[in-house]
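Per-chain numbering from 1; labels A, B and C assigned in written order.
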Amino acid sequence: MKSTTRYLTFTIPERMGFRNITSEVAAIVTESGVREGLCLCNAMHITASVFINDDEPGLINDYRKWLEELAPFDASPTRYQHNRTGEANADAHHKRQIMGREVVVAITNGELDFGPWEQIFYGEFDGCREKRVLVKVIGG
Amino acid sequence: MKSTTRYLTFTIPERMGFRNITSEVAAIVTESGVREGLCLCNAMHITASVFINDDEPGLINDYRKWLEELAPFDASPTRYQHNRTGEANADAHHKRQIMGREVVVAITNGELDFGPWEQIFYGEFDGCREKRVLVKVIGG
Amino acid sequence: MKSTTRYLTFTIPERMGFRNITSEVAAIVTESGVREGLCLCNAMHITASVFINDDEPGLINDYRKWLEELAPFDASPTRYQHNRTGEANADAHHKRQIMGREVVVAITNGELDFGPWEQIFYGEFDGCREKRVLVKVIGG
């Protein structure tokens, strides 16, 4: 069984932001030499997500608005007990649960086996600092 | 390492609908000959989900109602910017995030290793057209 | 390819409750002898979740409150059709979809490959009875 492990590092220059990381993940799959297997791609931080959806800027704006409705930013310790710790990012821990921590993508014939519109996104909900994404490829 | 890749294709005859695909996935696991491994099962479209829950018609109706409350259908470009592209399915992209893209199921002794009520569902949020689900089995 | 399968069993003494299971999962990874691979950890019941987030009691309380807002407990068959079956746990089936069924964690150099704050939680939404979590390790 072959395996490859890589870490992507980036700083999103906003509190909430989204980045298409498909080409970076695809390059790691190519580098791994795996022809048939699985690719795990996960946020290593608990205020961020990795998810698959459409690379359409209007949709990304819709997600921003919707996540803010479902789990509004509120730095006070009144709405969120977590903010009694001195943090102001409780909302980010909630937004991440909606969008998910990870994706697992099939590798077939040496490539990410995607439907027509699938793109891998990093979703940041507590940005302006360096964060990491893990990409693990296993297979034969 | 063994691997098997199959694609399930179907057209749900409603905008939102659910289909139990457990037996189709189980047949692919049997066909693969894998005794110990993992089975990835994911929607290949970004307005659909694969998830595991109970095959109880009342619950499925509850999910329909709940998803409509969390992310209402609205074809206009006012609520959802995505619909400025000419699409009317922004709500479906949101519903899919709640229910998830994929499941990963353990294979033990050649079978899907399920708890007593676990069933795999395809959830369609923008139906009336052909869609695909990917099933990838890896293991030994 | 090596594989190890273990089942964790516990009874959460409340209807909704959370338990950090990271050390139990890590011990299974060590026992497996897998150096590079994947660890699947999933609830085997459809009214429970396995997810990764921060081990901070205030945040856990925030999740309780938020999940109750998104999918309120209501034993009557009016809000939830599922409760017409004689069950009172429809809300739990909804809460579980928000928090997810499973996590897949990379194993690197024989250990769970975690970011600084990642901890694995079992989330129970219909407790006071025995439930199981499956841990499957595959790799080389």
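Basically, a residue touches a chain if its C-beta (ideal position, glycine included) is under 8 Å from a C-beta of that chain, and two chains touch if they have at least 3 such contacts.
Fair warning: this is a prediction, and the values are worked out from it, not measured in the lab.
Listed by label, the chains that touch subunit A and also subunit C are B. Residues touching across the subunit B and subunit C pair largely diverge in numbering: under half of the numbers involved belong to both copies. Chain centres here are Cα means. That of subunit B falls 20 Å from that of subunit C.
Of all residues in subunit A, those touching 2 or more other chains are 1, 38, 70, 98, 100, 104, 138, listed in ascending order. Against subunit A, the residues of subunit B that register as touching in their complex are 1, 3, 5, 38, 40, 42-46, 70-71, 80-85, 90, 93-94, 96-98, 100-102, 104, 132, 134, 136, 138.
Subunit B contributes residues 1, 36-38, 51-54, 56-59, 61-63, 66, 70, 98-100, 103-106, 108, 113-118, 138-140 to its touches with subunit C in the complex.
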